[in-house]
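Below, each structure is written out as structure tokens.
Note that chain A is present in both complexes that follow, paired respectively with chain B and with chain C.
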Partner chain A sequence: MEYLSTDKILVIDLNAAQVEEEELDESLVQEKIGGIGITKYLYDKYKEDDPIVIGTGLLTGTTYPASASAQITAKSPVTGKVCHCPVIYKLGVEIKYSGFDYIVVKGRSESPVYLWIHDGVADISDAADVWGKDVWESTDALRKFVGDDLLQTMMIGPAGEKGSDYAQVCYNHWTSPDRFGFGKLFGSKNLKGFAFRGMGLIEIAEPEDYVEHSLEILKAVKENSFLEKKGIAHILTALGEEGVEEWIESVTHRHSADYFTPYATNTALFLDEDPGLLEESKKDEPGVLVSDIYALLGFKKMGFSAVDAGRALKACAKYGIDPFAVADLCGKITLEEIKNSFDTISGAVAIPGRGLFTPWCPTGPIFNDFGLSGEDEIMAWWERRQAVSMIFGIQPIFSLMCPELTEESMLELASQGTGLELTRETLDAVIDKIFG
Partner chain B sequence: MNHPKIGIYAGSGTSHSWLWFVDLFENAGFYDLVFLDEFFVENNDIKALDVLVVSGGDTFAVAQSLGKKGGRNIKSFVEQGGVYIGSCAGAYLPMKSSQKPLDWFNFVDVKITNLSKLFPSAEVQTCKSCAAYGYDFVFHPVREAVSLKTTSFFDKGRSSVFKAPLYGGPGMKAHDPSWVLAVYEGFTPKTAFFTTSEIAEKTLLGNGAVVRVPLKQGCFYLLGPHLEHPKFKQANQFIIDAVIREKGMAQDPVESKNNKDSYATKEKMSGKQAKELLLCIKRELSNSRIVAGSLEFLPVQWLIGQKVYSPQKVRVYLESMWKRLRALEKNKVLIVEPGLYDRITTAAIQITIELRKIKQQLDENQDSLKTATLIFDLLHVLSISFFDLYFATMFNSSGQYHEHTNAHALKGTTNYERVMTSES
Partner chain C sequence: MGIKINALKCTNCMACEMVCSYHRDDGFAFLSACIVAYRAKEKKDYFGMLLKEEDVLIVARPEGLEINKIGEEADPDKEADASAKPMLLREGCDLCEDMDDYGPMCVAFCPVDAITLD
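This part shows the complex of A and B:
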């Protein structure tokens, strides 16, 4: 596969401590398009080995608006279903630029390891120095070892190592959309996580047309009035939650967007530093980056101050545990009680619809109504929208905001970018297969 | 056409500009390249070459490394029909000088025009604008692209104008005006002035930018600007034309020495072993370029000898190898001299270790000069070894291969051993 691709699938056998590369056949892209279309195919291919499959979308890392996302496909150790978790922030793009479109991890390592993926090289590395450390310590240690603060990590913390059902795979220092207990799956394989860094390039079949067309789409996207807003509080307001903006205002430091995403879906809270600070904080841990709106809302509904909610989210991020599950299930009242409850919480987090996609993502449109009405129609739309986003690599929350990101435009850009003819019929067939 | 055997000096004292010659000759299809260090010159293995290239760097450090014996060998090489191409520091090197150790290299009667008795007043005073030369000063009135014009001695009846960048190279006055093949003709919008324009004009315009000095059967080409810079294609062609012309016009044709003197046993490596070697190179180049990229965010420079090195130069070396990896990966067979495998893998791994160490030193505000010096030495060692592998392999696959000579198979003591020993 020459275009929009690194042309490589990486297969890592943890049992044998072996790494193999396969070429990504053009025919597979023609049939499955990309993203979860192909991660699902690879999952099925290697399912006897209980694989974790990481994949990038076909448009990930390009100039198509919000082409930020990658995804993890694996069988949830909690629900027993094959689920798809988006990879957000700058991490999704880094995966593609580190030299592989898809990564299959099968088997279990005898001792703890992490996978160092860089510039088309995959190293199975001893994780003895980071096993037992929390997510923040692990990420910092790997960045220091490799000598690059731009290193992107996908790590578990103590929750994953101990086999908690609520263990998350965290991204860099932050919590993730993982509501499936993928952190537990990583831990069961003695896999501490991944470190990614790539300085590669991808080729585009018709580069000038591709860039021109995507910038036209971006221009249309930018005419949306909601782009005057930023951050998680406005999303919650749009979803009908009241009082969040005022509650969080005093600790809001800045908002940040995922790669090439016009709306900043993440908000940084300063907890131990002046939120108005305009220079880089000299404190080691001034705050926390929040992408999980429902976890934040959960702590608010428990009566927490914004500072304490931020501290709870930070503690969850370090421990590598799903903060929404903590807020929803722990039944504790104080911050200290919550921190002490990580190993004892019980119960289940509801996964909507077919149970394939994460409720970290709001289950309906945001800011725009997309002409939808009725719960069934909205759920059907939401599941298809999630599937499409994760096939092409579009930031899954932004795709719920923006009608201009149409399936037609994604198919058209994918065809321009690859030189293949990708049709709606193909897309429908891929989605049918994902939905099973 | 026989392909000339070209030796590129990449030993102590050189800057990264020798890598530009590598690009230049590769683009011209000259794959019979040999990468030399000071021991190669000292052992007089240069007699096997058609062309010897000495690029930019620290002239004093280059002279010191090559030594008196190296100087004698270079002179003998040219007298016997060899072509010496010196760019910037390599151009200063063979000029007459009373300064030690440059006085071992008094081969050509050419004077520089950018020498001042007084400390020159600079419009922009940087470490790159002036260097002490005994009681005098070698100053650099401008940097970046300048305009050159060929003389009638180069091409009778017509002249051509082209651009090349000047990074500390000389303006020249030749004892015999017919030696001057191109003069500084003017400046360009990209020229950066370190002195007043009047001083710059007086120092450079009308004076020699490219000088060819005959010596018995061979000659010296002295290039003030970097005609080999990859962004200046017309200037590049000037060098290629010169090599082709000299090869054809030698009285005793300097036939390609490919068929002569089989020095060493070469191994053809394929299969798993070749894959492992390339994977190791790829892994360590990647590790190195990642940390090197992060060094570029830090406000640091190192003064090594008389040259200022910035972190960006680390990546210039790494990228010069990285961009050739894919072509190597496509070859089923690698041509590997004895000992090359270990030299490459050890140096590549060591560079990653030292780069990670220097990043930590800088993060913790520790002195990093010693580590930086070692890193640049190691980069020379690795890139020389890598290019030996690369060009022997490409030479083989291109069908030009007869008896490619690897510099390091020829001698006992190598720069590699010196660097690795100093580290241990």
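This part shows the complex of A and C:
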């Protein structure tokens, strides 16, 4: 696959401690497009080995607005279904530029390992020095070892190592959209996680048309008045939750966006530092970055102050446990009780619809109504929108905000970028296959 | 005419870095950009932008701009940042002089208008 691609699929066999590369055939892109269209295909191909499949979207890391996302596809050890978890922040883009469009991890390692993927090279590395460490310590240790603070990680913490049903795969230092217990799956394979870094080059079949069309779409996107807002509190307000903006204001530092995403979907809370500080904090860990709006809301509804909610989220991020599950299921009332409850939580987090996509993402439109009405219509739209976002690599929350990111424009850019003719009929068939 | 950066409006999305590199490489990459999102202090939520012009390196910090003449001795009291080092090897900003339809790409593609033309 010459364009919009690294042309490589990485297949890692943890049983045999072997790494192989396969070419990404153009015919597979023509048939499955990309993202979860192909991760699902690879999952089915290797399903006897209980694989974890990581994949980028066809447009990930390009000039298409919000082309930020990659995906993890695997069987949830909690629900038993093959699920798809978005990879957000800057991590999805780093995966593609590290040299591989897709990564399949098969089997189980005899001893703890992590996978170091960089500039088209993949190493199975001994994780003895980070096994037992929390997510923050592990990410810091790997960045120090490699000597690069821009190393992007996908790590489990103690929750995953102990086999908790609520164990999350965390991204860098932060919680993730994982509500599927993928952290438990990583732990069961003795897989501490991944480290990614790369400075690759992605070629485009029709570069001038692709970039010109991207800019036209961006200009249309920027007409939306909701882009005057930033951060998680405004999303919750738009979803009808009252009082969040006032509650969180006193600890809000700044808002940041995933790669090329026009709305900043992440908010940093300063817990041990003046939130109004503009200079670099002299403290090593002044706060926490929050992308999980429902976990934050859950702690608010438990009566927590915004500071304590932030501390709970930070503790979850370090332990590598789903903060929404903690807020929803732990039944504890103080911060200390919550921190001590991580290993004893029980119960199930509801996964909406067909159970394929994460309820980390709101299950309906945000800021715009997309002309939808009725629960069934909204759920059908949401599942298709999630599937489309994860086929092309679009930030899945922003895609719920922005009608200008149409399926037609994604298909058109994908066709211009690859030189293939990708049609709505193909997209419909890919989605049907994902929905099973 | 030059690039003006408002680091407080920046959301650290890296669009500027991507399109600047596209202007150099005719492909999607981050390798050649003369403007980069400064994001090495992730746990401190401290970010802004670095812009290399022909003779100066502009560090757009949230608290204000810092303009360093390239070749001058660095302030010994300030810790050097690893992410600044590769910038010195890259070509300086040419305001995308060959991109007639766009002007500077980082200005055209910044989704939050944190980068403008001065």
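Note that in this section the second predicted complex is superposed on the first by the 436 of 436 C-alpha atoms of A that agree within 3 Å, B and C clash if a C-alpha of one lies under 4 Å from a C-alpha of the other, contacts with A are read in each partner's own complex, and residues count from 1 in each chain.
Just so it is clear, a contact is a pair of C-beta atoms (placed from the backbone, for glycine too) under 8 Å apart; a residue touches a chain by one contact, two chains touch by 3 or more.
All values derive from a computational prediction rather than experimental measurement.
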| item | value |
| --- | --- |
| First, second, both or neither for A:Asp119, with chain B first and chain C second | first |
| Touching partner for A:Gly107 - first (chain B), second (chain C), both, neither | neither |
| Comparing the two partners chain B and chain C, which touches a greater set of residues in chain A | C |
| Contacts of A:Pro365 with chain B and chain C, given as first, second, both or neither | neither |
| Partner chain in contact with A:Val146 - chain B first, chain C second, else both or neither | first |
| First (chain B), second (chain C), both or neither touched by A:Met199 | both |
| Partner chain in contact with A:Val211 - chain B first, chain C second, else both or neither | second |
| Doubly contacted chain A residues - partners chain C and chain B | 147-150, 199 |
| In the complex with chain A, residue positions of chain B that touch it | 279, 282-283, 285-287, 289-291, 293-294, 355-356, 359-360 |
| Residues of chain A that touch chain C when the two form their complex | 61-63, 65, 90, 93, 97, 136, 147-150, 172-173, 199-204, 207, 211-212, 214-215, 218, 221-222, 227, 230, 253-262, 264, 268, 270, 278-281, 283-287, 289 |
| Complex interface listing, chain A residues touching chain B | 118-121, 123, 144-151, 197, 199 |
| In the complex with chain A, residue positions of chain C that touch it | 8, 11-15, 18-19, 22, 25-31, 39-47, 61-63, 82-83, 101-102, 108-109, 111-112 |
